[in-house]
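One structure, as structure tokens, below. Some questions next.
So that you can tell them apart, the chains are marked A, B, C and D in the order they are listed, and the count of residues begins at 1 in each.
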Amino acid sequence: MLDGLSFELLMAIVASMAPVLCFGLIMVFTRRSISASVTVGIIGSFLSWFASLYLFLHYFHAEEAVVFKGAWVVSASLKIPFGYYFDPHSLLMLMIVATISLVIQIYSIGYMAGDPGKSRYYAFLCLFSWSMINLVIAPGLLQLYIFWELVGVSSYLLIGFYFEKWSASEAGKKAFVMTRAGDIGFFIGIIILMLTTGHLSIAVFGNAAEVGNTGLSQALLTLSAILIFSGAVGKSAQFPLLTWLPDAMEGPTPVSALLHSATMVAAGVYLVSRIFPFYAASSTAMMVVLIIGTITMLLSSTMAMTARDIKQVWAFSTISQLGFMFMGLGAGAYFAGVFHLTTHAFFKALLFLCAGVFIHHFETNDFFEMSKAGARKMLIPMITVTIGVAALSGIPPFSGFFSKEAIMAGLAHKGNIWLIAGLLGAAMTAYYSFRVIFVMWFPKGEVEEHGHGHEGGHDDGHGGGRWAWVTEWSMLSVLLILGAITLVLGFFQKELEHFLTGHSAEHHGSQLILVLALGCALAGVILAWFEFGAKNAKQEGFLSRMKSVEALFSNRWYMDHAYRKLLDYVVYGGITNTFTRNDRVIIDGGIDGLCRFTVSLGRAVSRIQSGLLQYNLYLTFLVVALMGLYFLLV
Amino acid sequence: MADFYEIVRQWPLLSGIQVVTALGLLVIMFIPEDRPEVIKKVAAVFSGLDLIICILLFLAYDKEIGGLQFVEKFLWVKTLGIHYFNAVDGINLPMLLLTGIVLFTGCLTMWQLENRVKEYFAFSFLLVLGVFGVFMSFDLFFLFVYYDIALFPMYPLIAIWGSTRKEYGAMKLTLYLLAGSALILPGIILLYIKSGLWTFDLIALSGAQFTPYIQSIGFLLFYFGFGVLAGVWPFHTWSPVGHVAAPTSVSMIHAGVLMKLGAYGVLRVGAFLCPEGWVQWADLMAVLAVVGIVYGAFVGLAQTDLKYVIGYSSVSHMGIVGLGLSTVTVSGLNGAVFQMFAHGIMTALLFSSVGYIYDKTHTKTTFELGGMSRNMPIISGFFILAAMAGVGVPALASFWAELLVFISAVKVFPIRGILAICGLLVSALFMLRVVMKTFYGPANPKFAGLPDVNFWLASPRIILAGVIVLFGLFPWLMLNLIQVSTQSFPKVMGF
Amino acid sequence: MNELQVYLFVALILFCLGLTGVLQRRSLIAMLISVELMLNAASLNFMAFNRFLTPEPAVGQIVTLFIIGTAAAEAAIGLSIILAVFRRYQSIDIERARELKG
Amino acid sequence: MEPLMAVIIPTLPELIKFEWVAQAAFYFIIGVTLAGAVSAVFLRRIIHNILGLIVALFGVAGLFIYLNSEFLALMQILIYVGAICISIVFAIMLSDPMYKEDPRRRLTKVFASVLVSLLILAGFLSMITKTPFEAAAQRSDDWTVTTVGNLLLTRYALVFELISFVLVVAIIGAIVIAGQGRKQRSLK
């Protein structure tokens, strides 16, 4: 299938296939033994990470993309290859996915300690890593789509991990169906592409020079670009399909960190940036991306401002940051979008994992309560979460500052209105994220010392006291690692840009934008300080004075209600009901009526049967005689 | 290994299948009724032998040469031109393999049957004898006779061992299918007479130059005649009712194999003999298929009985087969045949899982179950896997089939193709809804102590799940085989 | 006189008489008797054709022999059926046996 | 004329032509046959019917002799009269209520059956008169019993076997049918 087995190919296979092997192993053999499953999972992820690292370093200076490809399905003129495509973009993404997968598996040792379903959890994590890695290094859009769907499946399974909670399984279903709705557009889009150009090679659609040579008319190009983007809208929780992501927080927190902030939801952004030249060829499509990104960013920022659940805040901020990335891409700033994707992956994972530590410890999701229970005493998580928030808000020198600033520059290039939207978003982001931080650092009212403080975490450990340090440090070490990455990543902007685009451009943004962006962020921080941080602050946002707006924001702009109504009235009440009745009454009723008619007809005819033998004989001979006469006489 | 296959190709394996099945039937009939264990073992052994032969066929078929292989042909009735003509090609080989797998796993699934074991397995073997016969015969006469043999045992099987309105279900099913077969017979006679060749040999008949008018009528007869069995909308209502009423392994064989008999008949007899009619009626076929896909999914959304849900999902999935057939393209046919195989395995797994749950809890309505993943994690896992396959998740067999069908459908009938793709969303919704209601949520304490499947009871489900995953990950194993024959089909477009 | 048509005519009359009997008698035994008449008409026809038309004289005789044998079998079965009917209904009136009434 | 006639009818004076006598006897036999048949059908007492049947059977046997086959005539008398009629008589005698029963006629039924019979009569009559019967060109005149016997065991062996088989089945069937009813009765 794959031609020639070189060492690089072997490493690629290891990187992409080790997790699925682990998935199989855990599901089939080690389901009953939690420790074995954990070991298998972590070894698999480590192998995969190691191979990815090797590939990353090996191809770091490669002149052009390296492709390994073999036929997966051949049907007439339809050829669907399976293979690997290594170019800077996919290598970077591979590195992000492999790294975060690995650290989250390590983190989960502690977080999931004592959960009886841990084996299943690790299996699903492996399944996810497998699909995500193959998605990232897919050489064709169809392979990308296939693993895209598989990522959706693993997301479904992981969100519904606590399946005994209705809300969790509902959330899983919702996530799957809503992303599927987007995927249908994606699917139709790639079918259109395949039918018109005959292939789906990323090497072509991801290459500015060749996109023009595909023979695609501008209208079809725009149409398929928008359709494919609808897949990204679903997966990255953009404007019309964004309500599944906050619900997806029903899953275990590391899952939220891995799937619903760092990697899976970023797949939409990855998809658009992957075939960026293809999008760039259609200004309409770019505009759609930009508009959707902007709407999403503003909308979800407002939602984040009222949430009291720490995971909800991070979820809304994820949506808004993804929207921000789309804005960057839509504005034509390819590198800025990808760069923000990279930095976001790490600091958002960090934020979620910190939240996980708190949730694990205090057994509540409400950060006001955490604060009251003494969250400030947990130094390492508090410091790292502050780093993460600073990065999120775009405070220098943390990584988010650099990437946000790059996007702002791109937006300014596109037009002032987009820049203003971006700045507004940045201010809101700073406001809501520092709101969390200030509340947690500076608890107001009487502070009740939480009963089981640090020891609480220890008791949850399945190994008891001897293994407690593993539980704790598996989580804390990961926080430190991610915090460190968040700190330093911003300084590698030049190198990354060179790596990705082949040239490191001059500093795009003007000083003015830099100042503006920083100013907006600081304004948000200061507002948050006066409302939540300062000595005599009431810890009530300015929104609480505008009840109707607050209600609108905290009900997510009533989008869920609208979907619910749509589902209830149109799908269940309307179509389903009509069809079911049609089945029962018209089709079945018709058939049953036909049967009843036949039976009654039979009854009627059977009256002729008198049961008199001679009568029957008489009729027989009468007919014979008449027939005989007829034939003889005529 | 190649040498071994070379030798195997000389063996009359197709007759071998029939002999083994018939022998199984005979042996079962001669075992005293009071020894059900022996009967079950014998059934398992003979169905296992069938499966082994099918696998052997699958492996030994030479894809390089293609065409008809393992041909067994001799003249049976000279004056009428009836031949004993068995052969395999890329279209019926997957079907034979499917039948083998479903029969074997079905026999294992019914290990806990207690009521009239002997008759049950005897009827099952008779049924499968007919099914195998239809799939391997290349003579219209034998095909039709086997077809009716396959239909008949359904009635007693459902009416005696069934549940929920079994008499009604059995009667409805039998009437529908016989009505279908009443259309097929005139079709066969029409072609037999009009060909002027005085032969029932399918290959010879395909060489006859039928006028477009005859082809058009002939195809319509075959399409509706066989289509009833394939659950073509609006002749689908027998299928959910029948599936619900039937006992587990009959549901498996029925939804898994028998419905494929219909689609296979449309392709093998209708499309092969009347290609012009096929092209002419493709539009209608596509419309009915798309309606079936969307309609089945929507009606499935309203069901609360697990088996009804699966029944309507079958209607929806068989619509995909119909859509593939209507495209008249190589890829469409590949997809359709692959979908027949994949759907067969998938539904068999669904029914097999539901059957176990029903055996233990004596209910199959979703609101009475709930949280089954806690009580019976393994069987729930199988169901969820199969449901995922039904939703069209990649890396499971049916995804590839749907992919090929949809690509060619969008090419040939853009609007209908896109509508059908949108149907996928609804099918995802209703499958997941059922999974959620049945397997997720708080566990019902009523079923807390019930045992999950042990290894032996899980084994048939393991086989089915393995097949789904195997062909999902390595679709070319099947597609390369199917392609051998679909390429040379008359009138198809080379896409 | 001694020609084919005469025999055929006699046989025809026998047949019609038998038919009348079968159709109108209510007693099962009388019906059986009438059937025997019809059978005889048939064998007479065979013999007549055999005598006047066929190339080989043995055929008709053998067929007639066959008819006689069949008649014997028929009588045996018929009588036993009549006996069974009589036991069931305590009568041999054909009009009482009406279980097949629709 | 056939020499066989001489065997049955003894020598007569020269005055009376042999053919005349034969002819008269022929019509007499026909008359006897039809009379027997009529009485077999139209008389009301069962016993009279049987007697009429016997007469008619004898008549037919006579016609067989005119048709050159005295073997069959003998068979007719032996089997029909000797076996069948006697068995019917036995059946009546052994279960006497059967024979006592004498259902009344229905006039409509009689008329209707006569009508059908007349229709059939008319139909066949016209057929008999219209059809031009032609004898085969080559006809053998080997009428001996020996030939019939030979043929029956060689060429028509299947017929022979078949009739034996039919008789066996009939006998078994008769026993079963008659016997079963008795069993049911005794069970009651």
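Keep in mind that, in the parts below, a residue touches a chain if its C-beta (ideal position, glycine included) is under 8 Å from a C-beta of that chain, and two chains touch if they have at least 3 such contacts.
Just so you know, these numbers come straight off a predicted model, no measurement behind them.
> What chain pair has the highest count of contacting C-beta pairs?
Top of the contact-pair ranking: C-D.
> Which chain, with its centre taken as the mean C-alpha position, is closest to the global C-alpha centre?
Per-chain C-alpha centroids ranked by distance to the global centroid put B first.
> At what distance in angstrom does the C-alpha mean of subunit B lie from that of subunit A?
Centres of subunit A and subunit B (C-alpha means) sit 36 Å apart.
> So the centre of each chain is just the mean of its C-alpha atoms; given that, what is the distance between subunit A and subunit C in Å?
92
> Round to the nearest whole Å and give the separation of the Cα centres of subunit B and subunit C.
Centre-to-centre distance between subunit B and subunit C: 57 Å.
> For subunit C versus subunit D, what separation do you get between their C-alpha means, in angstrom?
Here the centre of subunit D sits 8 Å away from the centre of subunit C.
> If a residue has to touch 2 or more other chains to count, which residues of subunit A qualify?
614, 618, 621, in rising order.
> Find every residue in subunit B that makes contact with two or more other chains and list them.
Expected reply: no residues.
> Which residue numbers or ranges of subunit C touch two or more of the other chains?
Residues 19, 22-24, 95.
> Building nodes from the protein chains and edges from chain pairs that touch, which of line, ring, star, complete or other describes the result?
Chain contacts: none of line, ring, star or complete; other.
> Which positions of subunit D touch subunit A when the two form their complex?
Per the touch definition, subunit D meets subunit A at residues 109, 112-113, 116, 119-120, 122-124, 126-127, 130.
> Under the touch definition given earlier, write down the residues of subunit B that touch subunit A in their complex.
On the subunit B side, the touching residues are 172, 175-176, 234, 237, 295, 298-299, 301-302, 329-331, 334-335, 371, 373-374, 388, 393-395, 399-400, 403-404, 406-407, 410-411, 417-418, 421-422, 424-426, 428-429, 432-433, 436, 439-443, 475-476, 479-480, 483, 487, 494-495.
> Where on subunit A does subunit D make contact in their complex?
Interface residues on the subunit A side: 614, 618, 621-622, 624-626, 628-629, 632-633.
> Under the touch definition given earlier, write down the residues of subunit A that touch subunit C in their complex.
Listed in rising order, the residues are 605-614, 617-618, 621.
> Taking the complex as given, what residues does subunit A use to touch subunit B?
71-78, 80, 142, 145-147, 149-150, 153, 156, 160, 163-166, 168-170, 172-173, 176-177, 180-181, 184, 187-188, 191-192, 194-195, 571-572, 575-577, 579-580, 583, 587-588, 591, 595
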